[in-house]
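Down below is the structure, laid out as structure tokens.
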Amino acid sequence: MLNTVFIIILGSIMLVAAFLAVYIKNLVSSVIAAGIISLLASLIYLLLAAPDVAMTEAAIGSGLTTVVFLLALKNIKQKEEDTDD
Amino acid sequence: MVSPIYILILSLAIGFLLSVIDKTNRKFSLTAFYGVLTFNVLVIADWFYRFLFLGVPTLTINTAGFRAPVSINLQLGVQESFVLLFTNLIGLFAAIFLYKKFKESNISSLTLYLILIMGVNGLVMTRDLFNMYVFLEILSISTYSLTSFGKTGKSLSAGFKYMLAGVTASTFFLLGVVFIYYFSGNLNIDFIQASQFTNYGSIALFLLSIAIFIELKPFPANGWALDVYEAVDSGIVSVIAVVNSAAILFLFYKIMPILPERFLNVFGIAGVITFLFSNMLALKQKKAKRLLGYSSIGQVGLLVASLVFTANAPQHLIYLIVGGFFINHLISKAGLFWLSGIVKHENISDWNVLRGNRSLLILFGIFLFALAGIPPFAGFWAKWELVKLLVHSKMLFALSAILLGSLFEIIFLFRWFTLTVKSDIAATIPRWDASKIFSTSFLGVIAIFFAAMIMKVYYGFSLIHILPVLAVLVIDIIDFLPSKVKGLLSLLAVLAYGYYIYPFESNIQLFFGIIFIVGSAVNIISTLNRTGKSEGFYGFLLMMIFSFGNLIIATNYLEFFLTWEFMTISSFLLILRGKQAQKASLMYMIFSTAGAYLMMVGFAFAPQLMGNSPLVISLANVQLPLISIILLSIGFMIKSGSLGVHIWLPEAHAEAEADVSSFISAILLKAGVFGLLLVGISYVKFAPSFDIFYWVGWIGVLTAIVGAFLASFQEDAKRLLAYSSMSQVGYIVAAIAMVSHLGWVSALYLAFNHMMFKSALFIAVAGIYYRTHTRNMYEMGGLIKKMPLSYITVLISIIAVSGVPPLSGFGAKWLIYTAFISNGWYLQAGVLFFASAVSFLYLYRIIHSIFLGQLKYEHQDIKEAPVWFIIPQYIFLGGIMAISAFPNLIIKPLNKIAMHYFGSSIRIDGYSIFSELGHWDGHVVMLVTMGAFIVPLLILLLLVGKTQKVKQFNIVYAAERPESPQTTHVAHNMYAHYRKALGGWGKPRIWNFWHSASEWTHSLADYFRHIYTGNGQTYVLHIILYVVVIYIVMGV
Amino acid sequence: MDIIIRILYAVISILVATVWGLTLTGIVRKIYARVHGRFGPPVWQPFLDIIQTHSRRVAISHGYMFFLGPVFRFAGGLGTYLFIPVILGSTVFGNFSMGGDVLLVMYFIFFGQLGMALGAGEGGHPYSPMGIARGLSQMSAFEVPFSLAIISVAIQYHSLNITTIVQAQQGSILNWTLFTNPLAVIAAMISLLGMNGHAPFSIVMAPQEIPIGPPIEMNGSFLGILQTNRGLFAAAKLILFMNLFFGGAAHPNILVALLIMMIKTFFIYMFSVFVGASFPRFRPEQSFRFFLKWPTAIGILAILYIAYL
Amino acid sequence: MIKQVLSLVAIVLLAALIFAPMLINTPLHTSLTPLANYYATQGADDLGAPNLVTAIVVTYRGLDTLGEVTVLFIATAGIGFLMGKKKKLITPKRPASELLQNGASFLLPIIILFGVYIFMHGHLTPGGGFQGGVVIASGILFMMLINQDWSHNVFLFLESFSGFFYVTIGALGIVLAGGFLDNRILPLGTFGTIFSAGAIPLIYSLIGLKVGTELVGILHAMRGEE
Amino acid sequence: MNLVMTLGFLLVIIGLWAMLTQKNLIKIIIGFSIIDTGVHLIIVSIGYIKGRTAPILDASVSVADAANKIVDPIPSALVLTAIVIGLAVTALMLTFVIKLYQKNKSLSIDDYQELKW
């Protein structure tokens, strides 16, 4: 019974985070929101008795995907500065 | 005996190490790269040989040491090795094609290419669903990255759109796989049964199958694919078009067993719609690669459809149809994309630079013809069998959509071909480099090898059927000889061929044999006048003549149709040689192919023929159903230029080269007549309920009258003769349609007669054109003084055409009118009278405006037509005079032929012929006319004595002497008053009809292609909508 | 042996027909004059013309085809006449009707027309081809009702042989084609107007409009041959119409049969003359359109009437 | 505007017609599927690996993992290919902040050690090659952030050879044991100890190394400049 | 009612909505990664059996009665691969976006429509 309560809480936070990720104007914060979704997803995997998946999702989903997104944004901002000056 | 798993292992091992090897020297990495690709090809080829010829059972390779459902297993059978052999082969040759680029580009492009080929091998071999997903991902990701190979500008956005669509499809695939696991409990296809999926379970199957179907680029949801085809480097795009689609197609084939029946039918219909619409949209394309994109999407759609429709056909048929289309698509697409790589010009009108390199032009021809389904290439056989299959399984919607689609295909392919061969070169001629030409020509070799293999293994065709193509090859080899030598050689070849097929079984064959073989032999003499080399001319000419011969001795429908297609393609190529023949030959090809398709369906409906006696005999006791009679008759009438479908005839005759047009009008039209006769032969015993031939008769009669009127209003001599052929063939068609003894005697008599005087007329006009270099009659005049021999030929021929008594023409007229009246076709007889009366108009026009009237200044010093034109003319004249003097020479044998089918309705004793209505004695008529001619001649010779020779302008004309011949030569718009009298009837209604039909299709194509807005997001939306629509249609 | 006799008979019947044809044209010229209120030339004027043209010393010629033009023309006339049996049953006037039936005769009419066209064309005078063009178009137009009439007659008598048709019309005057198949006869008579080239359809040989044309170019004996042909050809056509539609000339006594033939042909000719004298001339397209409208309709009705009633 | 409406319609239809019925008709399983049952019962003594997921990932469905490693490999190759040659940066990067530098030098060995621990014990505890590789990659990321120079070639060699060895071990499986990627080329050893379950630990650590170096490659490529 | 699967499908729908309506390329890729997470949630939720533990045979789960103590291991094995593939694809898409941005300086999907019809 405890599990379902946890899942419902985590699920609703994730849905809110998803809406935020889609509708926030600032790209960096929407990337962060996407990272949060993955993080909470790894928690849910724990509840679903799938530890391997939880670790992978935590490491890759929230960790690396967010890093890759930020790198991409840095690259794009980088290009803007080069061309401006 | 290497296990195929080593293909995956070696590719991966080398792939991982490639960047390291490259650190030392690019040469080593290149050798490793090409080594692996060749290794793959060799292993698969060895296995394919083992499966096909040694009957080795299908090989199953278990990984991880456990049996199937527990671990993943790979499978290699005949089908897998067939597909893999060709995908690896194309992979290897595309790599060779890109050798120059691979040498300079970043090493990771080689790795990507290698892993892509490995992905393809894996995808085809694996039996596990999730494993397919992984290999599909490998395939897609390496293709996404390779799209920007060769740094073409627009490829990045194309690649991104491709990714967006690919990613959506993979998500659906993953969902499908997982839910199938949920319902069936395991992931290996061999262990999943369709029964495990109850009503809602089939949604899982739907997700899986729709994902694959989207990867195969179905019609409305394939905008992304077109951008990729257009923007990406041509070497890579050929891999995408051929190798990727082959792998995904095989994936679709693998999961077909577990899909429910209604899924397959909807996918089949969606495939057909894709084929139809993408070919239609291709009509409006100007850019070569985008056009090829549309065409390859269409071909993939056709392949999916044929996979579905042949699901429960016998095994060897599936191999032929699906295998044939697959090889066809593979060769033509890879070849054409590589050619676009070689030519480097974007839109199709610049492809005429190909004329700079003869072998490339031939390859271009081979690929286009293979794609268009012209024999002997694989596509032709596959289409024939598919049509037969669809007809037997009553899938008429799919059949008509496929045929309409292939007609569109013919239109844009041959427009492209004629543009390349005919338009004048504007763009720069690129440098031809070796590696590209090597791999493209290799494809040409495969195409020819497969054509020969199918003909030998599947249909056991002997040498005689392949003779037309052999002739082209032989002449191509000896093409360096001067054209006169080649002309003589081909004349001997035709006579030898005639002698070879001489012992015919029925005398109808003998009669048409004389028309085709002897007629062509005499006509060839006129071609000896050519100077220089005239490359390729005699090859196609021999091809046409041999296919005429084969037509007569064909024993079954396929043989007849094969020869028919050879004849169409060779006559198309001959017409194409004319100076402005681009539009004319295109129109000819479109009409002939439409006719050919109708015939194909007609033959498919016809019952199977027993034994192998020639068609002429075996059709006598075959009950052709009504539908096949209608289709066949329309097909043959298109070929003989009947009313409504005649607009190609004047164009083809006028624009073809001088000596070619006599072949076309005198002999080619008779092929249509021979076909109609075949239908007639079956019609005799088994007349269908609805008397269709009555209406064919009316069409023939109307063709005659309209042909005569149109001929009278022409300014161009050859166009006038073309319309006159149309009108004469109208007579023959009407006579055959009567299906009575006298009808057929008159039809055959007129056919023979027409061949003779029409060839004589055309060769005479060819001679005049050779001298005066113009075809417009008002620019000639008064040539009687300069070219008396041609004048005599034309005089005698027009007397023969008009039917004025002493000559053979009257025999034809007498026979045909007696036949019509005795058969009860009274009104038709009246119209025919009117037609033959009107024929005087154009006959007088041609002889007056060319020979009589005022001689122009520039023609003061022209000489008589060259001897090569005179000889055949006078041979034909000899024939006409012989038949006029002794009509029994031909009436007796014809009577015997017709008696074979009907009771005889004429009595011949001595020289006079008695029908139930009237009588005619050719001999007496000839004598009396000679007498009536000599008497006044003598009177005049005696009385007139010395006449004062009067020079050209020594005439009194409105009280002053005319000085310029142009004004006083009555030739331009000679029957203006008649045209005014006809008023509304004179408008070119049929021409306008066909013109607006093509206009309408093009605007429809333009309307539909605007759904591809170019926005990646819209394409994803299209995909989602497509999934939903197919879901609703399937009613899962 | 009988060939020489046969030729002899043919010469006799040609002479008779030509003489009668020329006198007929002379009479017609007389009637025209009378209708126009003048005396007109004597009836034997055509004979004088022929003698006068043949006596010319030198004729001009534009080349061998120009020379052959009149020959073709006259051969056409001769041929048409020789294949029509004038008097039923008589050998002398049976001519060579065993050679062919009505179709042969109809196509022989074209023979003359075509030959003349070639000759005039060679003449180099622009007006002659124009005249020929009009002549051919008009011929193709009036051919339609004529052929429809011929077809309906063929249906009616189940034969195209002229002799059998004439035989079928013997007995009383009532079983002439005129009464048994009136529609066909009307259509044929209208097309006869076109054939004879009298007033309403005389645009082809209208001397006033094209002042020079063939008559002037072809002078001397060429013109003579043409004029003899005009007589013979007219006679041949009239005899054909007589045989087909007006019971032909059949009487045991040759002279009486010839008399019947002369009377009948005279009246047939008078029909076209009366119509010609009282009608103005049509323009070319009017005449073509005229023939393709009502006469063709009558012809079709004739066929439908005979075939299906 | 029309596109918005159409997308709404598409998604609503998709959800209602395809996702909803799927959702309603797939209640939770109450027992293992036959295949899963086989893995549960025979899995341990077949391969001797306590962590069944690892057993499935490495051996039973070894080809998947090989494919997955290839996917990462070609992703790296593709990104490298797309990004093209690196531009030499003219302005020198400003040095990392004090906190980051000290923290990194302290944390780095621990992270690397933790990563190695994960893929060494892949067959015993949850986690394995992928997770270990990613942890190592984040460690290396730390070094990149404080832009310590490190030799890229070492990683290139490491990446290629780990992949190559992985494939050779797989090939050995055919020669020595039952089939490609079979782990019984080494003795299964005692259940639950570190050197047990045949070649699984070896394969998984190779995969870990491979994934780690590839992710480093991706990050390096995407940073764009040297 | 399988809660996690509902959550998964909802995430997929939100991700799809983002992909279809957002004009910014990065937002589209974020939408894609949300879909990816959603799909992975669905896959794992399929394997879950109520009241059972992780598929690791250690002290608490003996080899004998493992069959009715553990959760279905296969979906977790599949998800492992799927997550990594998701990362690879996202990284590649981002590279495409970077290069596209380099070429014509705009992140909106509507500016890349030169290839059409």
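Chains: A, B, C, D and E, in written order; residue numbering restarts at 1 for each.
Keep in mind that, in the parts below, a contact is a pair of C-beta atoms (placed from the backbone, for glycine too) under 8 Å apart; a residue touches a chain by one contact, two chains touch by 3 or more.
This one's a predicted model, so the numbers in the text were calculated from it and none came from an experiment.
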For chain A and chain C, the touch-path distance in steps comes out at 3
By label, the chains that touch chain C as well as chain E are B
Mutual neighbours - chains that touch chain A and chain B alike
D, E
Chain pair with the most contact pairs?
B-C
Based on CA centres, what chain would you say lies at the far end from chain B?
A
Per-chain Cα centroid nearest the overall protein Cα centroid belongs to chain B
Of all chains present, which has the mean Cα position farthest from that of chain E?
C
Averaged-CA centre spacing for the pair chain D and chain C, given as whole angstrom
108
Return the distance between the CA-based centres of chain A and chain E, expressed in whole Å.
11
Can you check how far apart chain B and chain C are, centre to centre, with Cα atoms defining each centre and the answer in Å?
54
Geometric centre distance via CA averages, chain E-chain B, whole Å
51
Taking each residue of chain D in turn, which ones touch at least two of the other chains?
3, 7, 10-11, 14, 22, 24, 26, 29, 33, 35, 39, 51, 53, 60-61, 64, 67-68, 71, 75, 78-79, 82, 126, 130, 218, 222, 224
Out of chain E, which residues touch more than one other chain, so two or more?
12, 16-17, 20, 46-48, 54-56, 70, 74-76, 78, 80-81, 83-85, 87-89, 91-92, 94-99
Quick check on chain B: which residues sit in contact with 2+ other chains?
130, 134, 137, 141, 144-145, 148, 179, 181-182, 187, 1017, 1021, 1024
Under the stated touch criterion, can you name all the chain pairs that qualify?
A-D, A-E, B-C, B-D, B-E, D-E
Of chain D, residues touching chain B in the complex:
3, 6-7, 10-11, 13-14, 17-18, 21-22, 24-26, 29, 33-35, 38-39, 46, 59-64, 66-68, 70-71, 73-75, 77-82, 84, 156-157, 159-161, 163-164, 167-168, 170-171, 173-174, 177-184
Inside the complex, what are the residues of chain D that reach chain A?
51, 53-54, 118, 126-128, 130-131, 134-135, 137-138, 141, 215, 218-219, 222-225
Tell me, which parts of chain B touch chain D in their complex?
3, 5-6, 9, 12-13, 15-17, 19-20, 61-66, 69-72, 106, 108-109, 111-112, 115, 118-119, 122, 126, 128, 130-131, 134-135, 137-138, 141-142, 144-145, 148, 179, 181-182, 185-187, 200-201, 203-204, 206-207, 1017-1018, 1021, 1024-1025, 1027-1028, 1031-1032
Chain E residues within the chain B interface of the complex:
12, 16, 19-20, 23, 25, 28, 32, 35-36, 39, 42-43, 46, 74-75, 78, 81-82, 85, 88-89, 92-93, 96-97, 99-100, 103, 109-110, 112-117
Touch list for chain A against partner chain D, complex
50-52, 54-56, 59-60, 63-64, 67-68, 71-72, 74-75, 78
